[in-house]
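Both of the next two complexes hold subunit A, though its partner changes from subunit B to subunit C.
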Partner chain A sequence: MPLLAPHIGSQMVDLGSALLLLTCFAIVAQRRLSACVDLFALQSVFLALTAALVAFLTGIHHIYIAAALTVVIKAVVIPRILKQVIERLNVKRELEMNVNVPTGLLICGALVILAFFITQPIIPLGFLLTRDSLGIALAIVLIGFFTMIARKKAVTQVIGFLVMENGLFLGATAAAYGMPLIVELGIFFDVLVGALIIGIYSHRLQDAFDSVDTTKLTTLKE
Partner chain B sequence: MLQAITLVVAQTIVLLAVSPYIVGLIRKVKARFQCRRGASVFQPYADLAKLFRKQPVVSTTTSWIFTATPYILFASTLAAGLLVPVFASSTPLSFAGNIIAFVYLLALGTFFLMLAGLDAGSAFGGMGSSREAIVASLTEPAMILSIFAIALTAGSTNLSTIVHKTALMEGIVTDPSPHLMALAALFIVALAETGRVPVDNPATHLELTMIHEAMVLEYSGRYLALIEWAAGLKLLVFLTLIANVFAPWGIATRLEPAALSIGLVTYLVKVSGLAVLVGVIESMFAKLRLFRVTDLLGVAFILALLGLVFFYVLRG
Partner chain C sequence: MSWPLVLLITAPVMAGIASLFVRQRRVIEVLQCAQAGAMLAAAALVADRVIADGEVSVGSFLRADALSAWLDLIIGVVGATGTLYAVGYVGEEMNSAHLSLKRYSHFFCLFDLYLAAMLLAVNLENIAIMWIAIEGSTLSAALLIGFDRSKAALEAGWKYIILSSVGIALALFGTILVYYSSEHVLGVSSEALRWSQLYRVAEGLDPSAIKVAFIFALIGYGTKAGVAPMHTWLPDAHAEAPTPVSAMLSANMLTLAVYAILRFKAVTDRTVGPEFSGNLIIGLALLSLAVSSTFILVQRDYKRLFAYSSIEHIGIALLGFGIGGLGVFAGAWHLMNHALAKSTAFFGAGLVFLRHNHKQLDRVTGLLSQMPIAGTAILVSGIALAGMPPFGLFTSEVLIAAGAYRARPETTYVFLALLALAFATLLYQVLRMTLGAPGEAGTALGRQCRIFTGAAVGINIVALGTIGLHVPSGLETLLTSIVKMFGGGMGVSR
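Right after this comes the complex of A and B.
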């Protein structure tokens, strides 16, 4: 039984997705590594709020569980792991990028327009009240992908990967009111293990090359 | 006709009278954050009165631009302020110009201030002018785009119409996302244009990084008073624009004494709140390096662009 008028609920979901996209741009513009992690945690909180709102509007209860897991895993546990990695590796500053910040922002702006352009013919076919968020979700996935390409250090590449995952979660919520709970649980477990593995991998990288710059992996070593 | 003239005069008086208070309020908030008691919020009035009484000193190498600039700056800023609805949603002067006139009236003042900075031939003035030119050229696209995003939702570029329609929630697209993006962009633009902290530091005369203060370094006496007053006015005009375009609730939509007094009180509360916010931001953030300013203004530009894109995408 919907408690809010559908168009207002739909606009609130749009607003939540817009906030997610806003934090994406903040991550792209941010040069400091620990601030990137904080922004990712903030983005996950926005994602959980949006998901909870969808659950409230539709009365589908398993989305609440996914939202709660998002807060616990993506807003608390993973940022903590990443901060530990940053602290132990002494990589407080992230200055190396393959493109500079204003260019990166412009590319991301173009990616958003591209995402909207691609989803434009699909959106009117949908009938869910979250359908407008599909374009934003695709844009977030593309920006996460761009972050992985544009940043050189392993830790920021993890953040790009996690942002992509947030985009996929939003896309699933937008397109189909979330995936079945068992699939969500599997994905959460994968993401957590992925973050752990990349943490360990950063340590190994640091040991081998005295740096977490992934471009060094292309140089051969005896 | 008489009513319109009274309203214009009243708006002029409110803008001129409130702007030093806003400057004083921001200084007070910053002082409190630094655990100082700080000067009274009415200190800028005393400063202006003192400067007006002092004799100006004008360098012999300057041309007419140097003496004309304070008047041009003050007049253009005030004219821009009169285009923005302050406490009543219909400004009588709204026929005279829309949002675009507003942007370029402010740009006119900035342009003459840059010329005046170069005019005296001091190294500092030229440096300030060149930096101001960078900042101004980067803020302009962001400002125009964010304002267009708002103009599209209201279906008009006239500020009075935008505020009136938003206040009554009639005939506008009430989707919050484009508004939110445009608000964030316009807030960054306002901080950059008025020389506040992430871009410029208004509290210093002795730094190599200063922008606005470097341009006005040669001014003294009543010229300096006019420039300082115009700077306060510009800040107030931006805060008014943000407050009334994004949260026009409480503004007088009819010209009745009761509605007008409520409008005036809510206006003062809103701009004071925004001034406190500016003070908090100045206390929390460090000034950006000059070459990082492009990053911040790039964010503002992208936000404004997204606001515009959202308007087209999300209304379907």
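Right after this comes the complex of A and C.
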């Protein structure tokens, strides 16, 4: 017997997904790099809560493991690595951006509409509990992608990538009640190694260019 | 239990990990040569078994069908010669005191793990674990591209890792959508992620979900295959990576990404028919051809020249797969010949760079008399890459043009015009580099370097020549099974 009526459960999952989307907008609007990292950690906590809620409502236990890993890796370990990078590189704020904040927020709004447009024909296929989250998941992926394009500092580009990963995780949970456990573990491992490698790269960029502003990377042009 | 398949994947893993702990150069060299031999033998044995039995599997985890065996052959053979070449190339860099022993062993560890990740990816039965393996190859390649730590190398590596991460994330979304539609048919379990099961039930999957999934997979893995307009990382990465890595990127990694697209295409074609995926692939292929043949014209860096030529050839192969039928046969044949020829071209280019320490195209002349190994490599592979007989790329390009003419006459004219442009430029540059009188003297290369790189170039050229004019019967069996995977193709009723 489910402990909650299905429609309340589905409303709660929607609420969790909406909070994730809200933190995306906050990241796009935020200029201070350390605040961006905090917002990413907060988003990961929301993600873990949403996943745990799905696990609780469906009784699929391996989602709990994935939720716990999300807290450990994405809310604690990776933010700590990023903070160290920021401290060492001595970059506090993103002063110039390719797209200013109000325009960026408008574009993100358009991306949300686009995401729902793409997923609309396939949403009825999903489980009743989580299917509305699929559109939100794609929206988060697209906003993460946009952040990577719109920002110039290496650190914010990494955050954009991690936001995309959060969107994918929400998508997997929403669409399919999570991938099989071995797949989830593999994806976590890849994300962690990826974040480490990008961290190593930003150190080396700093040493070579005296900057982590990726617009200074202009040696290679046609 | 099929031990050649296990050996093929574990040989580079073990050699790579061992290289990390060994602190003697000679031992690392022996390990790498053993790995190259093991990979060559294992790839041949796997292909042999697949030709005889149709497929080889290890539990429900690894399964090699004809398409996997085809990729095993490409990555196994080119990976083996690439390893031999790396022993010569990196050894020479070490002799001229660019590298410490520690970095030397790090290089080989990364290089072997990179090969292992690619070999694992093409034999995996699970679509999502294949994604994990491909991401593994992306990450190891990112460290290899920036290995020199020069400004240009770091910039190329950064571009590569950012673009590939985005691409691979989109591909994961495509994978999730396939699972989303297949679990309704196969249930919530790993079964719903197995290629063989997906092919079996593909006709019952939800068409709109599979269409969206294919678009995400095509853009995602297409970024990794260097398909225009997502190709911008490719010339930088190929030009700035250490040359053995450039050769592996071009010959193996682009081919691996095409393989991933093909797997998704096979499912999509069974669900919604070949027109949908075919049209998308043909569009991207022609765009890649147009972009690359234009940029080949203006290149002043010989490694970038070969890099743009890779975009061109991946575009040609994709055009074949998009057309279907005979085009699939030609596309697969094109991939194998391109891998052999392009790695040979990079092997030659790397030797020129070691000797002259610059990459300027117009300063390189008379290679044939100054550096016989590099000269032969660039001349033979250049003729092959331009698409002249007696090499396989000629056969496959003619077949693709013929297939395109039957299915889509208007694409044929565009295809042939772009092909002619790339042909003329590449052949001109290659002949100018290899013939004539040598220019600058440069520093002569050591004996060990010449032996190892000569062996690598020799094996590649012999392989390229052997399969040049006719398709050996074993390979033909494989190709026929690959064509069967994709059904009739465009213009032919289902």
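Quick notes on this structure:
Rule of thumb we're sticking to: the second predicted complex is superposed on the first by the 216 of 222 C-alpha atoms of A that agree within 3 Å, B and C clash if a C-alpha of one lies under 4 Å from a C-alpha of the other, contacts with A are read in each partner's own complex, and residues count from 1 in each chain.
We take it that contacts are C-beta pairs under 8 Å (C-beta built on N, C-alpha and C of every residue); 3 or more make two chains touch, one makes a residue touch a chain.
Note that the coordinates shown come from a computational prediction; the quantities given were computed from them, not determined experimentally.
Superposition note: with subunit A as the common reference, subunit B and subunit C can be accommodated side by side. In the superposition on chain A, contact is made by A:118 with subunit C only, not with subunit B. When subunit A is checked against subunit B and against subunit C, the one touching more of its residues turns out to be C.
In the superposition on chain A, contact is made by A:193 with subunit C only, not with subunit B. When both complexes are overlaid on chain A, the residue A:29 reaches subunit B alone and has no touch with subunit C.
After the superposition on chain A, the angle subunit B-subunit A-subunit C between C-alpha centres rounds to 150°, nearest 10.
The overlay of the two complexes leaves subunit B and subunit C separated by a minimum Cα distance of 18 Å. Touching of subunit A by both subunit B and subunit C, each in its own complex, is seen for no residue at all. Looking at the complex, you find that subunit C touches subunit A at residues 126, 128-129, 131-132, 135-136, 139, 142-143, 146, 149-152, 154-159, 161-162, 165-166, 169-170, 172-173, 176-177, 179-181, 183-184, 188-190, 193, 206, 208-209, 212, 235-236, 239-240, 295, 298.
By the touch criterion given at the top, residues 11, 14-15, 17-19, 21-22, 25-26, 29, 31, 101-102, 105-106, 108-109, 112-113, 116, 120, 123-124, 132, 135 of subunit A touch subunit B in their complex. Remark: subunit A residues 60, 118-119, 121-122, 125-126, 134, 138, 141, 144-145, 148, 154, 157, 161, 164-165, 168, 171-172, 175-177, 179-180, 182-183, 186-187, 189-190, 193-194, 197-198, 200-201, 204-205, 208-209, 214, 217, 219-220, 222 touch subunit C in the complex. Partner subunit A is touched in their complex by these residues of subunit B: 174-177, 180-181, 184, 294-296, 298-299, 301-303, 305-306, 309-310, 313-314, 316.
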